Structure formats: C-alpha cells, structure tokens
Amino acid sequence: MSRGGRTRHVGLPRWLFGPALLAAVFVVLPVVAMTTRIAWGDFFSLVSSEAARSALWLSLRTSTASTLLCLVLGIPLATVLARSEARWLGVLRSLVLLPLVLPPVVGGIALLSAFGRQGLLGSELEALGIRIAFSTVAVVLAQTFVSLPFLVVSLEGALRTAGERYDVVAASLGARPTTVLRRVTLPLVLPGLASGAVLAFARSLGEFGATITFAGSLEGTTRTLPLLIYNLRVTDADAAVAMSLVLVAVAVLVIGLVRPRGAL
Amino acid sequence: GDDGDSKGADGKGGDKTVLTVFAAASLTKTFEELEKEFEAAHSDVDVKLSFGGSSDLVAQITEGASADVFASADTANMDKLVAAGLTEGEPEEFATNTLMIAVPPGNPAGITSLADLTKKDVDLVLCQPEVPCGSASAKVADAAGLELKPVSEEQSVTDVLAKVESGEADAGLVYVTDVTAAGTKVEGVEFPEAADVVNHYPIVAVKDAKQAELAQQWIELVLGEGQKVLEQAGFGAPTP
Amino acid sequence: MSALVDVTVTERDVDVSFEVADGETVALLGPNGAGKSTTLSVLGGLLRPDAGRIVLDGEELTGPGTWVAPHARRTALLAQDPLLFPHLSVLENVAFGPRSTGTGRRAARAAAEHWLAEVDAAELAGRRPAQLSGGQAQRVAVARALAADPRLLLLDEPMAALDVAVAPALRTLLRRVLADRTAVIVTHHVLDALLLADRVVVVEGGRVAEQGPTSEVLSRPRSAFAARFAGLNLVSGVATPDGVRRPDGLLLHGTAATGDHPPPGSPAVAVFRPSAVAVHREPPGGSPRNALAVVVTELEPLGDVVRVRAGELAADVTVASVAELGLAPGSDATFVVKATEVDVYAQ
Amino acid sequence: MSRGGRTRHVGLPRWLFGPALLAAVFVVLPVVAMTTRIAWGDFFSLVSSEAARSALWLSLRTSTASTLLCLVLGIPLATVLARSEARWLGVLRSLVLLPLVLPPVVGGIALLSAFGRQGLLGSELEALGIRIAFSTVAVVLAQTFVSLPFLVVSLEGALRTAGERYDVVAASLGARPTTVLRRVTLPLVLPGLASGAVLAFARSLGEFGATITFAGSLEGTTRTLPLLIYNLRVTDADAAVAMSLVLVAVAVLVIGLVRPRGAL
Amino acid sequence: MSALVDVTVTERDVDVSFEVADGETVALLGPNGAGKSTTLSVLGGLLRPDAGRIVLDGEELTGPGTWVAPHARRTALLAQDPLLFPHLSVLENVAFGPRSTGTGRRAARAAAEHWLAEVDAAELAGRRPAQLSGGQAQRVAVARALAADPRLLLLDEPMAALDVAVAPALRTLLRRVLADRTAVIVTHHVLDALLLADRVVVVEGGRVAEQGPTSEVLSRPRSAFAARFAGLNLVSGVATPDGVRRPDGLLLHGTAATGDHPPPGSPAVAVFRPSAVAVHREPPGGSPRNALAVVVTELEPLGDVVRVRAGELAADVTVASVAELGLAPGSDATFVVKATEVDVYAQ
C-alpha cells in the first residue's frame, strides 16, 4: 500500500542519525574550514579578474560539452551492459571502470598514447590534419574519459534496479525497441540518469590531472578553473582557495538548477 | 585551430599574434611580470604563459604541444629536450637559485642551521629526490655529512611550502626565490652549505616555433632587461 | 487469425499444445501453478520455450530457428499484474498501444478515450496509476490491452479484483469484444468461461488434461479439475457394465446419458450434480443404489440451499435438512445418488 | 510476466550498438595504447621492487580501510537522504557532492583547514595528542573524503528506485526500523550498495591529489601507488606507465573478486 | 481486542467510522475505489489520516497528537498486491513476522512451516517468490500475514487469484483462524462475507453506506451495493401504505416481512429475490400486482437457471423459458413479482 501519495514513512532507526550526521560533518566541515581562510577583502577583485573569468567560462563550456558527450556515448553503453547477457560483457564492464582507478595523470598519459602525435592513432589523425592534444577538444576528451564511468555505472545500476517488467509490457503492446527505450525505459530511470549526468558534470568540472597532461594549460584554450587554481597555488595559495570556492559555488548552482525533482 | 579558440575565449579579440611561453612553475611571478613588459613593448602581441613542472612541460612539447619558448628550472630537463632535437640553437642560462630553509612564521621549532633539521622532534619536509629541489637537498645534505629524515617527500616546491605555511611541518628545504615569493607566510633561514649546490635555469627557443622572431626577443628580454625582475624575486645571476 | 500452439518450458515442467481457430476465444483453465500464465507468456513472446512451435495465421512466430520479437507479433498480453506505466497518465497508458503501432496522436487519444469509457473508467483518464485503487487499475489495464487491437489477445485473469457491479458489465463488454476476435483467456471463474469462451483447454500439472467446446467440457467433464470448476461431482475409475468402479473398489452405478456406455475395463468417469445428492447420517436402504460414506469438510450457503462439501464431493441440500441432520464439518454422513442421476462416459 | 527466470529480453534497438561500441573503444583504447609503451623487459623487476611492493600494499590497506569507513558513514547518510523528506536535506544533498567537484588538491587543503595543526579542530586534536598529518590515518581520511560521495550517491539512487513498498510490508509484519533496514532495505539494494562500494574503492585506489596535500608522501607510511607513480613519472615516464598498469590490474582483480553477482 | 475506527483521508475523499468488537471479523464491502484499501492502510499505520482516531483495545493508535508506528501496532496487513520479499525464500518470507517479533529461529521456522502447510503451499517452501505463479504467491502472502499473529488482522482480498480447488479450502482455514480473532477483511465475493464475517460494513464513495450483522445486511440490505452484493433486487423510494414509490412514480407493492411497515412518506426500500421474479414479453394481467417494464441487458447461466439482468434488476428463470420467450440482450420484457414476495422496510 505504498503507492505514492502521503504514505507514512516507515520510521528510521534513531541510531542511524548519529553516523549520518558524522558523515555530513566529515564532508562539510573541511569545506567550511577552508572558507575561514579566505581573505574576503581581495575575494571579489580576484574572482572577477580576466584570467578567472576566462577559466570559468572555459570550464563551463568544456564540462557541458563533455557531459553531453558522456550522455551520447554512455546511455547506449549502459543500456547494452544492463540488458545484454553475453559473457564478455562482464569483462567490458570491468574495463569501463578503468578511468576511475587510473590516477588522472596516468589517464592523460593513456590519452596521449592513443591520440597524441606519437600515439596509436597519431599518424592517422595527423594525415587527416587533426591535432587533438593541447587543444580545447583535448580538454573535452580528457573530461569525457574520466567522467564516462560515472554516468555508465549510475545508469546501469538504475536500469538493473528498475528491471524489465515495463519494457516487456510495452513490447507486448506493439512498441518497437526504439520506442520502448524512448518512452518507457529511459523515462523510468530518469532519476538515475540525472544522478549520473550530475556526477559526470561535477567530475568534469573538477578534472585536473588528465587535462594538464593531455591538454596542457594555456589561458583561454585549455586552462580550466582547476588548472588555474593549480597555477595560483604556486604564487598565492589563498587566491587558489578563493577560486576553489568559486568552483564549488558554480557546481552547486548548476547542479541545483539542472537537477530534476527527485533525482540524486 | 586552438588559436582561434583562445582569442574568442579570452575576449582579448583582435588579430594579435600569440607568443606561447612554457616555463617552470617557480618562474610564475617573474614571467607574469615580464609578460606585461613585453606586451607593453609589442602592442600587437599576446603572450600566453604555460607553467608546470619542467619535466611535464618537456613531455608536453615532445607530445606536440605548440610552444615557442621553453624556460627550464634545471639543466637535466633541458638536456632531454635538446636530446629530442626540439630546440633551436643553444640553451642559455638566465638565472641561478640556491636552497634556503623555510620555517613557519615565528620559527616555532627554533631552526638556525642545517644541522637543526636532523633533530628528532622537527617535522621536516623535502622535495622528492626526483625533482630538482629534491636532488639539490640531497646534495647539500651529503656535502654536509648529514642524514635528513623527512616526514614527507613532496612532489614540488609548492607542496613543501604549503606544508610549512600551514604549520603542518616545522621546516622545509626550498629555493630562496620561493621564500621570497611566499612573503610573510614563511620565514627563511639561510645556511652556509647552500652555496655548494647551485641550480641553473636555462632558456631556449623551440624548434619550428611559429613565432621564431618573437621567441628570440623574449629570450633577449629575459637575459637583458628581465634580470632586474629576476633579481628582485631572489634569483642569483647566471654563472658566467 | 488461427493459432497453433505447442510449447515446452522444461524448467517449469510445462508442455502444452492446443489450437485456436480464427475468431475463437479459448479459455485456459487449471489449478494454481498449472502453467497457464507460462503459456500466455510464451504466446506473447516474453518467454522463449525450450521446444515447440507457435504458428499464428500461417506465420511461424516461434519454432526451431524462428523467433519473432514480441513487438512484431501483435499479441497484446494483459498480465496477472496490471503493470501500468507509472510515469504516464491513465489516458497515455491506454493510448500507448495505438501510438506504438503508428496511430496518430489524435486518433490514439480518441481510441484511448473510447476504451476507457467502455471499462467505465473515463473519469480516471487524468490520474497517475499510483492514484488508482486495485480494481480501477485492473480496468485500465484491460482497456490498454483492448486498445492495442492485437491479432491475438491474451488475457490473464482480466476480471480479478473487480467489484460485483463492474464485473458483469466488463464481462458483457468482453463478450462483445471477443465475439469476432481470436483470444486466449485465463480465468478461475466458471461464468467467465461459460460466457466468453468458445472452447476450453484444461491444464493440470503443465499438461493439457482435456479440451473441447465449452459447453461440452463443462457439462461432461473428464478431468477432476474441470468437474470441480463446473461445480459437478466426478468419480473416475474403470467402466463396468453397471457403472464405474473406483480404484478403492467402490462401484458407482450409473448409465450413459448420451452415446454408448464405455466398454467394461476402460477408464471411465461417473458424473452427477450436487443437487442430485441426498445426505443421510446413516447408510439408507431402498432404491437409490449409490451410497458413499463421507466426512463433511465444509458447509457453504449458496443462495437458497447449503452446499455440503466432503472432500472432492459436494451435495446441495436445504437449510432445514442441514439443521435436521445436525451436519457440521467433521460429521460422518452418507451421500446418496440415484443411479439414473449418474452419467457415465469414457475418460 | 517478467518475474525472473529465462524471460526473453525485449530486443535492443540495433543502432544502439554503434555508440555503445564507440564508448567502449574510447575508454579502452587509451589504456591499450598505453601498454604498447611499456618496456616489458624491465617490467617485472620494476613492479617487484621494494618501493613498488610497499606502495601497493599500502594502497590496498588504505583503500580497504577507507571503503569500510565509507560504508559505515555512507550507508546511514544515504538512507537518511533517501528516506527523510525534510527540506534542508536538499541542501545537504548538494553539499555532499562537494568533494566530487573540488579538485583533489583543494580537497587536501580543505582537510588541512579542518584537521591540520592550525586547522579548525587542530588545537583540540593536539590536546588529545592526535597528530593526523603525515600519517597513514591521513591517507585513509583523504581517500574517504573523496570517495564518500560516490557511495552516497549510488546508494541513495538505488534506495529511491527500490522504493518503500517492501519496507512498509515488513513494518506491518512487526519488524522494528532496525530490523527493516537490516533484513529488507539493505538486502534489496545490494546491487546498488555493491556498485557504490566498488566505485568508492576504485576512487580511493586512484586517489592522488588530496593525499599528497593532506598526508604527504613517505615510503611505507603515506606513499600509495598513485603517489609512487607520480614520483616515477618525473624520472622515468615508462616506469610510471608500467606501475599504472599494475594499479589497473589490481583494481580489476579486486573488483572482479569482490563484486557480487549482478552488481554494477 | 476491540477496535474503534474513525478516519478521514481528505485527498482520497474517504471518511469512514465503524467498530470491531473483540474477536469479531468485519467485512468491508464496496465498489472499486470506495476506500476499502485506504481504510486498511490507515488501520495498519501505513497512511496517516487527516483526522480521526483509531483505538485498539483501549490503546489509541492514531489520534490528535498520537501516532503509533506500524511495527508497534501488531496489525498485520495482507495488501492487495502480495509483495513477497523477493530476496527471501518462501519459508523465510513466512517466518519473517515471527522472527521480527522476537520468536527464536527454530520456533519461527516451525510456525512458518505450519502456516505454509495450512495454505497448501508446503512444497513451495524453498522457492523464491519470482518462481511462484500468481495464485501460489497469493497463498504464501496469506500464510505470511497469519504467521505474524497480529492483534488485528487486515486482509485485502485474500482470496483473489485462487483456483476453484484452493479457494474453498482456504476459506475453511480462514474461517477457523478468524473465529476467535479480531479481523477486517475486504472482499468482492458474497461467500467470503457470509462465511467469514460476523458483521459487514458497506462503503460507497468513501462513506459508510450501511453496516450491521452479516446475515441481516445481506438478507435485508438497505443500500444498492449491498443488495447487488447479496444477489437481491432492491428498489428504493418513499414508503406508502401499500409499498414503496420510486422517484419516477412507479409504485411497488409489498409488505413488511418482519417488523413494522415503515411510516408512509419515509425513505424505504423494497427488496425481492431474483427467483421470485417472473419474466413476460407483454405486461400480464392477473394477480401479481407488480409489473416493471425493463430492457434485458444480459443473460447469465447460473447452474440450472438463467439469470436475466435488466440494469440493476435481475430475474432467475429456467433455460426453457428463456428460449420460449426468445430473450436476448436488448429485448423488451416485463418483470413481474407478487406483492407477497416483496419485503418492504425503512432505509
């Protein structure tokens, strides 16, 4: 009798709130502590500087692009992983996690090995006149590489939990596979899809190691906010912290605006 | 092309020629100042600086990043680029640097000499031996016959300074310029053994640079007018 | 569209085969777990059988090496669980089938409104499935299956959860809709089978126990389940010249009401109506030749009479005689049937 | 009729396999390309060196510890987030994502601001004689900080998708909240929980920036595999790549062994 | 345990109040969407009412400022959807209740085995819920609710989806189990109400339409739904000295079978059995004083007779007379009832 509505929630055990609070404090306290270090006087001139604005704008553009790329590539991959039963998919599923485990810098090396001038596809790309490394495209690729697993894992989990019951009903009503996917499967896992997209966006926004290795750090082209923060740290640690706060604020804002109800 | 992108992105617009300079992270402050000077002198030029660890920058250039000038924090990395045949002409030394002990303001552990760093209750941080300041630290210690026992071997000078600034560590070995740049956040303790180990900064134009002429002019600026700025930042004069 | 069904699902121990003629409605009857829903799933293409064939109107849907995807079969299935799409409104749920098979938005909407009105759920059109009661959801699911306008309609207990007022109305609707349609319907209610099905297939333990035209099977059942379903008493055994001998030796006297008496020694059944049974506390003398000693298990009021159940057998007696005999669950009693009331035929 | 068993899958649209394959290639190709750079001759002496073994062992220990800590803290937090309806939880939910967006180095700074000697809790911890920085504990804390959001987001999504229907049934049968949680809620979201734990473990294993900033890098105490890889990179990029491969192999192995059927 | 129920759920337009005496079983009857499941949810503590009180055995479970959590109520609810825990075996599902309320592992297992055997599902003990048929799942759900041994048992259509052999057996079991238990049961079948319930509460449109002892309500219903449920014809209107006058002016002659004739002018109902109705094609002359012109909507075979439905009214006639009269849905006909067969009483 739990269908929707004002169903009374089954109470949570009281002791649960202890560790939950501890967890929340553990995550939030450091960020709050960090803000106490900020010299608010310089804050606004700092964050409105030309370099900061340019980095922020670049970060937003590339993160959006890589999130879209993650959706385009990740939805099909997650669906295949969740719905096919072939054995070799188990292997593929583990492989897709690789970018999660690789330290991002190593991820950057891997991208260079594939798409760099001396990489596996280097000569082919060179022949086509395409130079990926150290361009804005490289930033997007680096971000996509590290973010894709997030989308795939979240979405696959959601697809498995949701099951195939409704897909089957839709097919029996005459819906072809594409219709089923569009009108039933994906709408039903919308919360999971949104969570995945938010995770991917957040990860792209914070991406540093793979970007610096694969795309370098050039203002306006490849110097995203995290790279700028890294630069600032060398000269002025406080400025770096202040810029981090901007990054956090932007992330929370974008996520808050984009997130559909109930997702995440 | 990324040129078009960069112009659109940074909003500077116009058809400015872009000069791309790759420089070691320890040169951030000075080179940013030189950028202003250079752009003032060349109104149609936009200087783009890319800072990083010297080895990272060498790797990037090797992988095809388009740079016009490369300024390294040590000779070893410069030699790698030369060996890869990616340099135009001979690298020239434009600055030197020596080590200094950095301590938190007020020097809570009361460090006065290199030997104090071996005290048991002193939390010492060093650069890891693989990076220039780390190998310099090791050489200094060897020369003085001391065995340094750090609580951490950091990846870069920045990380060493961060640990000292935050008071996490009682002392760290960094370059004079780093102490100067950090201002009041750390104090410097000089020690005589530092003079034995000098770090050399070479600069070079990159082969097939898009802006070969401007690259040469930048190098000239660094070797000439720029020396004042470098000196202010604490760099030593290049060895003749 | 005629259908030819012959499927085996080893894991569930189901192996049934039957046919559905063009325009015919077949009722699948059988105990819980007999394999009825399994058969419907296989027909709808939601479960792949281990062996067998399904041919719909000459086209092989399932067979050695053939497999037509569920959406291409045009066999709408109303499952035992309504499973309305939770993210769509009731109207959108019903319009889903037409939309999926290429009907325009407006026409699909009109069709959905039509079928919702037919199941008396027009006023629910705007709701979400989560806001429906059990019976309302069931009705919407029926409308959704009908709106899909399939070649073969598969209905798994479509009348479950309906209230006493809606059930007859929906039955009337289904009777009209199924009249010229090929359909397979699963039900546990004799009225549904009688009114909706041209033929019945009785499945027991995953095998077809008997099949035939509805009126024939329900008036002269050969399987215990069909007899029970039709509300008749059935005793099976071996034919003797006088009637049927049960495995325990008891002889039930009877005659063949129509056709020939089965040859002695062949398997046969003796069938009689509960209302033909008289109940006594002691074995009586006199003319009725059949007396079965039983223990009463249950008393059920049934309109003006009381149905006295004793295991598999039942007798309908008046309330007055129940009181007079002092019957209660556990009482010993004797069921007495005249031989002329016992119909004997081959099993 | 979709309950378990040998249900026939509703076919997937054919075109879906195109982008799915592209996605898989995009993730796998760089890693494969990287392996082509490895000098296999030196590989075994390299990976069996004392430094490598000690780093690997430290990485495994700390990642396991931080995954456990994530479970202890994350399960309660995710449950509260998924099951309570209080408004302010929306804010908390966004805040928990912070470590995802923060560049790890900034995360390290934040941790120092909270738990460092001069941090918010510094004097309290000092008074208790607890020194976190430069210790293995710091590594575990840094890894937990960056990994916790993964567990919480995955688990919360799974809890929401699973819904409360069964919890309600259990309560009506007389099970108290703790029993419901232990015997119904968590077993039902086991796949989501496992996915979350795997993500957290993988993220911990690959963690670099926060660790170096908050915990430093000393062989045997705080130098995990990613830190070792970074060290190696300066002197010998090929060696770094070889060690990365070890990291990847370990991750895939551990994940493959630990993962329950159907999870992820 | 006696229960006092008075709940309002504004969003669903439900506002019912009734009482359940100690050891009594109350049947909640009513059309789909009337609010039966809603009432059970509120009783079980799964839905918080907007207003009202629930007092179980003197303890206030819900009330202004009071709220007892579901697990502390000891009111096991068998919902309309079986919802067996998918990760537990059938045996573990049934043992869940006892385990949760503190019974030891072995005793809980024994209890589970006992109840599974009672619902004839012992051989399913080791299966997962996903491997059960619809009816099997329903039986296990019943066993699980019974095994929880609650103070107040709430059963929402426990007999849905059961086959004809299991249903009577389960009904017998429930009758035995419910005899000395306080319970509320929702059903759409008159036999369940008759056999299981001491009292019935009829809910229509979220309000209690009538309530009373089962035999009384079902033999002398006052609401249209209860009459329909009991299989009786009911005409409501205003009492006259001769009978009841419908709003459309038609006078139905009848007498009070028991008690007083209702005072003229007061609301009253006239009730008669379908078997007391004779069907004619033309309005007849002669002694039966009541003739109702109707249009036949449906013919249902019902054992030996055919039930002729005409809207809300029904008549039972023999198969022979249906054929003779040429009745079919849509035919005009006249339902004739003797005044002596029409029972009149206050509404």
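Per-chain numbering from 1; labels A, B, C, D and E assigned in written order.
Rule of thumb we're sticking to: a residue touches a chain if its C-beta (ideal position, glycine included) is under 8 Å from a C-beta of that chain, and two chains touch if they have at least 3 such contacts.
Because the structure is predicted, anything quoted here is derived from the model rather than measured.
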Number of steps on the shortest touching-chain route linking chain D and chain E: 1
Leader among chain pairs (count of C-beta contacts): A-D
Approximate Å spacing (C-alpha centroids) for the pair chain A, chain B: 33
Centroid spacing, where centroids are CA-atom means, of chain C and chain E in whole angstrom: 23
Separation of chain A from chain D, taking each centre as the mean of its C-alpha atoms, in whole Å: 15
Geometric centre distance via CA averages, chain E-chain A, whole Å: 55
Junction residues of chain B, two or more chains touched: 59, 162
Multi-chain contact residues (two or more partners), chain D: 1-2, 5, 7, 10-11, 109, 119, 165, 168, 170-171, 176-177, 180, 230, 233, 237
Residues of chain E touching at least two other chains: 37, 44-46, 69-71, 77, 79-80
Chain D residues touching chain B - in the complex, by the definition given at the top: 109, 112, 116-119, 133-134, 212-213, 215-218, 222-223, 227, 230-235, 237
Chain D-facing residues of chain A, complex: 1-2, 7, 9-13, 15-20, 22-24, 26-34, 36-37, 72-77, 79-80, 83-85, 92-107, 109-111, 113-115, 119-120, 144-145, 148-150, 152-154, 156-158, 160-165, 167-168, 170-171, 176-178, 180-181, 189, 191-192, 195, 198-199, 202-203, 205-206, 208-209, 226, 229-230, 233, 237, 240-241, 244, 247-248, 251-252, 255-256, 262, 264
Partner chain C, residues of chain A touching it in the complex: 3-5, 165-166, 168-177, 179-180, 183-184, 187-188, 190
In the complex with chain D, residue positions of chain E that touch it: 44-46, 69-72, 74-77, 79, 83, 85-87, 96-97, 100-101, 128-131, 144-145, 148, 150
Residues of chain B that touch chain A when the two form their complex: 1-2, 5-7, 9-11, 20, 25-26, 28-29, 32, 48-52, 56, 59-60, 62-66, 158, 161-162, 165, 181, 185
